[in-house]
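Scrolling down, you'll hit the structures one after another.
Each of the next two complexes has chain A plus one other chain: chain B in the first, chain C in the second.
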Partner chain A sequence: MKSERALVAHLMRRAGFGATPSELDKLTMEKTYEEIVEDLVTPERFPALDQSFIDRYYGGEQVAVHVGKWLYRMANTQRPLEEKMSLFLHHVFPVAWGKGEHNPSIYNEIDMFRRIGLTDIRTILLELSHDPAMIFWLDNNENHKDEINENYGRELLELFSLGVGNYTEDDIKAASRAFTGWTFRQPLSLYPSGNYPTEFEFLADDHDYGEKIFLGETGTFDGGDIIDIIARQPATARFISRHLYNFFVEDEAQVPSWNTEPPRNAAAIEKMASVFTETGGQMRPVLREMFNSDFFKQAADFKKVKSPTELVVGVVRQTGEFNSPTPGIYQFALTTLDDSEVESTMAVMGQKLLNPPTVEGWHTGREWIDSGTLSERIRFVESQFEDVSKPGVREMVERVGSLHDDPAHLVSRCLDLLGGVRVSRHTYDSLVEYARGLASMKSGESAGVHNLLQMTASTVDYQFE
Partner chain B sequence: MSRPHGLLRAGYPYLRTLGMRRVIGYPTDVGWTDDGNALILMRSEGAASVRIWPIEDADLFTDDLKGFGSYGAGDGQMVWPVQLITDGEGHIYISDEATHRITRFDPDGQFVSKFGARGDSDGEFDGPTGISFDPDGNLVVVDSKNHRIQRYTVDGEYLGGFGSHGSEPGQLDLPWGVHVDELGDIYVADWGNNRFQAFSPEGELKIAVGKLGDGEAEFDRPTGVAVDAHGDIYVSDWGNNRVQMFNSEGHYLWSFRGDASLSRVARNYMLTNAMSNRLREMGRIEQEKYLRRPRSVRIDSDFRLFIPDYESYRVQIYQKDVVVLDRTQFAAPLRNPTLEVT
Partner chain C sequence: MATKSADKTLVVVQLTGGNDFMNTIVPYTNGHYYDARNKVVMKQDEVLPISDTLAMNPNAAPFKRLYDEGKMAIIQGIGYPNSNRSHFRGMDIWHTAEPDRVGNEGWLGQAIRELDPNAENVLTGVNIGMGLPRAMAVNGVPVTSVGDLENYGVMTRLEQERLREKALEAFKGIYGQAIGTGPVADYIGQTGLDVLKGADMLADVAERYESDVEYADNQIAKNMRDIARVHFADLGTRIFYTSHGGYDTHANEMPTHPKLMNDVSGAISDFMDDLEEHGKADDVAVFVFTEFGRRMRDNGSGTDHGSGGGAYIFGKNVRGGLYSEYPSLDPSDWEHGEDLQHTIDFRGIYGSLLEQWLDVDAKPIVKGEYEQISPFAN
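Presenting the complex of A and B:
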C-alpha cells in the first residue's frame, strides 16, 4: 500500500464524490496521498467525458434532464475535482433557472464553471461578469449609464468576493457604474422552435466612462478594472478561502454571518489566504495546500454534512446503476418548478440544482437536516441499495462475504466498501448487533448481506462526508 | 427499378416545415403512411410517442393532435425509441434501445407484437437502434452496444449478422442508423467512428466515407443514413447540425443546413403572441432556419427528404429535383480531372 485507505477515501469524498471499493484498491496500491492530490488538481491528466455520448442518450427540455446529465457527469468523470469545483461555484455564485427560465444560459453557465473552476479568481469573476445567466439574475442588463442598477455590483462585493464589512456603499455605486453596458444579446423567443442561446454583449454607448473611486483607487474603471482591484484585496483571499474551507473541509456558519462569526479554524483560512495571495488568486495551489494540510486530513469525522447532491451522486457511484447511460437519472432532480407533478428526492432533501433559493445559495451544514429531509435521505439511501442486481451493489455483496462470518468483520467490511465510512462507536455496536440478528434469522425468512449494506448506509453517520 | 445512368441535378429546394414546440417534442425519426401522413417518433427523458401529422401540413390544435404510443416498458410503450419504419401493409416497427426490443404496431397504432432481449449472443440486443427492411422483407437491426448488424424475420427469428467493435474499415463503434437499399446493400451510420459504411448483404465492406471534422465528407457523430432510388446517400451529421449528401460512390455532393419557415400551426400560434414576435425581431432570427442536432434522415419514394430537426421541435422537408439522364446525356467517368471544361 502506498497510501492509507481511510485517508484516501476521505479525500475522494471531499474532492470528488467518493470512491468505489475497486477504485480505493487501485489508488492506495499505486499512489501516495500526495500523488493523488496532484492528480485531482491536475484533471487534464485524465480524459474528459465525451459529452456527445451523454447527449446521445439523454435528451429533453426539462431542467431535470440537464441536472440528470450533470449528475451523470459527477458520477462518471475521471476528473472529479473539476466537477466538484463546478458544484462549488454553483454554490458560491448561485443563479436560479426559475427567474428567466432560459435553459441554454443556465446550462452554459455550469459548463463555464467546469471550464474555469481551477483557474484564478480574476478569470472566474470576469467570466462570471460576462455570463448572461448571471447578468439577468442580478439585473445587470438593466444597469445603464444614465440609470444604474446596483444589484450585481452589490452582490459581487458582498457575496462573491470581499464579504460584508470590506467595502462601502460608494464602492458599490462605483462598481455598478463600471459594469454599465455589460449585457447580453437578445435570444429568440421560446416559441415556435425552442430556446436559442445568447451571448455577452458590451454596449459602448451605454457604458459610463467617467472617473470612479473604488476601494481607494481612482480611475476611469470598467468592469475588468474593478475585478483586478477586487482580486488583489486580502479580504477576497480570506473570503474565497473560507468558502473553500466551508465546502471541502468543515461546515462553517452561514455566509451572511461571516462578518460577525469568526472562522472555525482561523489559522487554516489564513494559510490558504496567504497561498491565494502569493499565487495571484490561483485556485490549484490553494486546493493543493488545503488537501495536503493536517487540518484537512483531521477533518474526517462528522465535520461536514453531505449536501443532497453529494449524497445522491455518492450513492449512485456506489450502486453503479448509472455507470453507463441508463434511463431515469433525471428523476432524482424533478421539481414542480419544471412541470413535474411531484418533487423528486433531491428537492425533498432541500437542493434543487440550478434552482438555488436565493442569491445567497443554499444554507449548508446542519441546516440541510431536519426531520423531513433526514427521513428522505434515509429512505433514498435504503431504496438505492435494495436492488442487488445493480452492479455496484452486487460487487459489494460479493466482497462483504457470508452472513455467517464474524459480525464485527462483516460490519467493518461494509463500512470500507461503502467508501470508508466512519461511524460512532454506538452506531458500530448497533450494526454488529444487527448483523448478528440477520445471521440468526430462521430459514425461510428473507435476509441477505445487502440488508446489512442498506442498514449501514441508512445510519445518520453516513450523512456525513 | 434500376439505377439511372446519370442525373441532371437541377436542385434540391426546401419544401416545408412541419410542427412546432408543444406539438412535436424532440423528433428523433420519421416515417410515413400510404395516406399522406408523417409518423414522427418523439423521444425525450420521460416522454416517448408517435405524432401523426399530414405531410402537406395542418393547423391542428393541441386537442386535435393524433398519435400513439406512450412512455414505459409495457407492451406498446417505449422508453428510448430510436427508429421507426413501416412495411408494405402499413405496419409500424419501432426500435427501443432501453428495453432492447423491436415493437410492431398495426396501421392504427395498436400494439401487435414485440421481440428482443438483452444480451450479446446471437439473437440478443444491447441497445438496438437503426432498423430497416431488406429486399426480402426481413429486418436489419443495428445492435449498437454490441457493435454489430443483425438480421431477423419480422417475427423475431434470428437469421444472422456481422460486425465487430473497432475503428478499422468494416468495424463499428456504437453504430446508430441503418438503411438497406433495393439491392440489399446495408448502409450504417458509424457514430463513434465518424463515418458511414456500406456493406454487401453478406457483410463485405463496400465503401467507408468520413472522419472527424466539419468539412466535406467529415462528420461529428453521424446518426442516420438514407439511400434513395437513384443511389444517392444522405447522412445526418448530428454534431455539425447538417445532413450531407453523397452519390452512390460516396462522392460528396452537398449539405443541407436547414431552411425552416414557420409551419401552419406555428404561424397561427405566433399571431396571438405579441411578446414572442417582438423578441424574434430583436434576436438573431437567421438562427431559426438552421437544423439543430438532426438524429435521422429519411427519403420517400417521391424523393421528399425528411429531416427530424431534433432540438427545434419540427421536421424539415426538401424535394429532390433531378432529370434522369441516359448514356447520350451523361459522359462516361473520367480517369483524370481536366481543365478543358465545356
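Presenting the complex of A and C:
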C-alpha cells in the first residue's frame, strides 16, 4: 500500500464522484496520496472521453439530452477533477436555461467550464464575460452605451469575484460601462427549432470608451481591463478560495452572508489565498495546496452534505448501470423528454442541473435536506440498489458475501464496497444489528445483501460527502 | 366567522411560470386589449362574461360557476414593485415576501412557526408535490413534503412486512442516534425522524378517504385530491401547498393554455365540491397565485414575461367578487412601455390571508403594513 485507503476514498469523493473498490485497490497500490493529487490536478495525463462516441449514443438537441451527457461524463471520466471543476463553476456562475430561449448556449457553457476550470481567474472571468449564456442570463445584451444595465456588472463583483463589501455602487457603474457593447448574436435564426448556437459579439458603436474610475484606478477601461484589476485584488483571492473551500472541503454559510459571517477556517482560506496571489490566480496550485493540506484530510467526517448531483452520480458509478452509454441516464436529471408530469429525482432532491433557482445558485449544505428531499434521497438509493442485475450491484453483492457470515464483517465490506464510506460508531452498530436481523429471516422471506447496501446508503452518514 | 380562526386552513396553489392574467380574466370589451393581442387572444363571442367589461376564459367554466356562486374573489392587478421579470427572482419574492433583498425565510414557513411554535405537529404545514417550495422553508420548522401519498416515508419499496419493519427500526435507530452528534447531523437525524412521524400519521389516510367527487386524471387534480384526503383525516394541517406547472407560455400559448385553465379550474371546483360533501367547506380557503402576468403584446405565438397579474381566493366563506382594480390597458400607462402596472401589492394580500384567515400577525412576515382587502364573510 502506497497510500491510505480511507484517505484516498475521501479525496476521490471530493475531487471527483467517488471511487469504486477496484479503483481504490489500484490507486492505493500504485500511488502515494500526493501522486494521486498530482494526477487529479493534471488531467491531461489521462485521455478525455470521446465526444463523438457519446454523441452517437445520446443524440438530440434537447436540454435533457445534454444534461444526460453531462451525467455520463461525470460517471465515466478519467479526469474527475476536470468534471468536478465544471460543476463547481456551474455552482458559482449559475446560469439557468429556464430563463430563456437559448438552449444550446447553456450546454456550450458547460463545455467551456470544462475547458477553463483548471486555468486561472483572469481566463475564467474573461471567458465568462464572453459567454452568450451568461450575457443573456444577466442581461448584458441590454447594457448599452447610453443606457447601462448593471445586472452583469453587479453580479460579477458581488457573486463572481470580490464579494459584498469590497466595492462601491460607483464601481458597479464603472464596471457596467466597461462591458457595454459586449453582447451576442444569433447567426442562424433561433426559430423554428431553437437549436442554433449563439456567439459573442462586440459592438464598438455601443461601447462606452470614456474614462472610468474602478477600485481606485483610472483609465478608459473595457471589460478585459476590469477583469485584470479584479484578478489582482486580495478580496478576489479570498473570495475564490472560500468558494473552493466551501465546495471541496467543508460547508460554509450561504454565500450572501459571507461579508458578515467569518469563514469556518480563516487560516485555511488565508493559506489558499496566498497561493492564489503568488501564482497570479492559478487554480491548479491552489487546488494542490488544498488537497494536500491537513485541513482537507481532516475534513472527512460530517463536514459537507452531498449535493444531489454528487449523490446521484456517486450511486450511478457504484451500480455500474451507465458504464457504457445506456439510454435513459438523463431521467435522473430531467424528465421533460418523456412528456412526464413527474419531476426527476434530482429535481425532487432540489437540484435541477442547468437550471439553478437564482443567480445566487443553489443553497447548499444543510439546506439540501428537508423531509421531502431526504425521503427522495432514500427512495432513490433503495431503487438503485434493489436491482441485483445491475453489474455494479451484482458485483458488490457477490463481494460482500453470504448473509450468514459474521455481520460485523458484512457491514465493513459493505462500507468499503460503497466507496470507503465512513460511519459513526452508532451507525455501525445499528447496521450490524440490521445485518443480524436480515440473516435471521426465514427462507421465503427474501432478504438479501442488497438490503444491507440499501440501508448503508440510507444512513445519516451517507448524506455527507 | 362561522368558527374560530384556530380551525381555519389555507390551501395555496402556485401556478408556475407566470399565468397570462389578461387571457384568464379577459377585458373583452376593451379595444386596447384587442389592439395589443393579435394572435394570442380570447374571442369576444367565446368568453364567459362576469361583468360588462370582464369575462372568464372560456376553458375555465368551473371558475365561472364558483364566481357566480359568490365563492371566488378575483384580485386584479396583484404584483410587486420593480419587477425584473425573472421567474426565479419573481418566485423568490413571492415566496419570501422580500422584493428588495434576497430573503431566506418563506412566508408560509414563518406562519407555520406562529401556528405551531413548539413544532409539535410535523403536519402543520404540508406540501403536496415534488420538492419543498421556498415559501414553506424556515430553519427549524418541520414541514412535510409529500410526493406520493400512498408511499410517503422511507423503505417504502420493501414490500415484505417483516423486512420493512426491521428496516424502519434500523433507520429509526440510526437517525435517532445522530441527534446530538453535531449541528448538521443533528438536523438530518431530526428530519429523518420527522419523516417517520409524518409517515405514521399519513399511513392510512388514503384508505380512509371516501368521496362521490370524481377528480380528473391530471396532476393538479390528483394533488387537490391528496389535499382533500389529508385534510379530511383531521391531522391538524393548517397550511397546504401545491403547484401546477406549465404557465410559461412564450410559445404555442393558444393550444396549451386552454388545458391549463381546464385542469386547474376543474381541480379547484372539484375540491370545493369535495369540501362541501364532507361538511368542511366553511373552514378552508384556497389562494391561487402566479409569479407574474405576461406582456401586453403577444409575440405571435405566445407571450413573454410581464409584471402585474392576478390572484384568486376561493371558499364558501369568501366574499366573491372583484378586488382592487384591473390594470389600465391604455398604452400610456404600461410599465416599461409594455407591461401591466400592478394595482395592489401582494404583501397586502398575504396580510389579509394571515391576519383575517389564519389569525397570524402579518407585520413581521411581510415586513410592514400594506393595503389589505376584506375577502372573507363575517
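Throughout what follows, the second predicted complex is superposed on the first by the 449 of 465 C-alpha atoms of A that agree within 3 Å, B and C clash if a C-alpha of one lies under 4 Å from a C-alpha of the other, contacts with A are read in each partner's own complex, and residues count from 1 in each chain.
Definition applied: a residue touches a chain if its C-beta (ideal position, glycine included) is under 8 Å from a C-beta of that chain, and two chains touch if they have at least 3 such contacts.
Computed from a prediction, not measured in an experiment: that's the story for all the values here.
> Which holds for A:Val8: it touches chain B only (first), chain C only (second), both, or neither?
neither
> Taking the superposition as given, does A:Val286 touch the first partner, chain B, the second, chain C, both, or neither?
In the superposed model, A:Val286 contacts neither chain B nor chain C.
> Could you look at A:Gly59 and tell me whether it touches chain B, chain C, both or neither (first, second, both, neither)?
first
> Let me test your reading of the model: by the given contact rule, A:Met396 touches which partner, first (chain B), second (chain C), both or neither?
Neither: A:Met396 stays clear of chain B and chain C.
> Of the two partner chains, chain B (first) and chain C (second), which one does A:Leu418 touch, if any: first, second, both, or neither?
In the superposed model, A:Leu418 contacts neither chain B nor chain C.
> Considering only touches as defined above, state whether A:Gly68 meets chain B (first), chain C (second), both or neither.
A:Gly68 contacts chain B only, not chain C.
> What is the contact status of A:Ser383 with respect to chain B (first) and chain C (second): first, second, both, or neither?
second
> With both structures superposed, pick whichever of chain B and chain C touches the larger number of chain A residues.
Comparing chain B with chain C, the partner touching more chain A residues is C.
> Of the two partner chains, chain B (first) and chain C (second), which one does A:Ile229 touch, if any: first, second, both, or neither?
neither
> Taking the touch rule as given, give the residues of chain C at its contact with chain A in the complex, in rising order.
Chain C reaches chain A through residues 86-89, 91-92, 102, 104, 122, 127, 130-132, 134, 137, 142-147, 152-158, 160, 162-163, 166-167, 169-171, 173-175, 177-178, 181-185, 187-189, 191-192, 194-195, 198, 218-219, 248, 250.
> For a test of understanding, state which residues of chain A touch chain B in their complex under the given definition.
Listed in rising order, the residues are 52-53, 55-62, 64-65, 68, 185-194, 196, 326-327, 330-331.
> Chain C touches which residues of chain A in the complex?
Those in contact with chain C are residues 96, 98-99, 101, 251, 254, 256, 302, 305, 341-343, 347-350, 357-360, 365-367, 369-376, 378-379, 382-383, 386, 424, 426-427, 430-431, 433-434, 437-438, 441, 445-447, 451, 454-455, 458-461, 463-464.
> In the complex of these two chains, what residues of chain B are touching chain A?
Touch list, chain B to chain A: 20-22, 25-26, 28, 43-47, 79-80, 97-98, 174, 191, 220-221, 238-239, 260, 262-263, 266, 269-270, 273, 275-277, 279-280, 282-285, 287-288, 292-293, 310-314.
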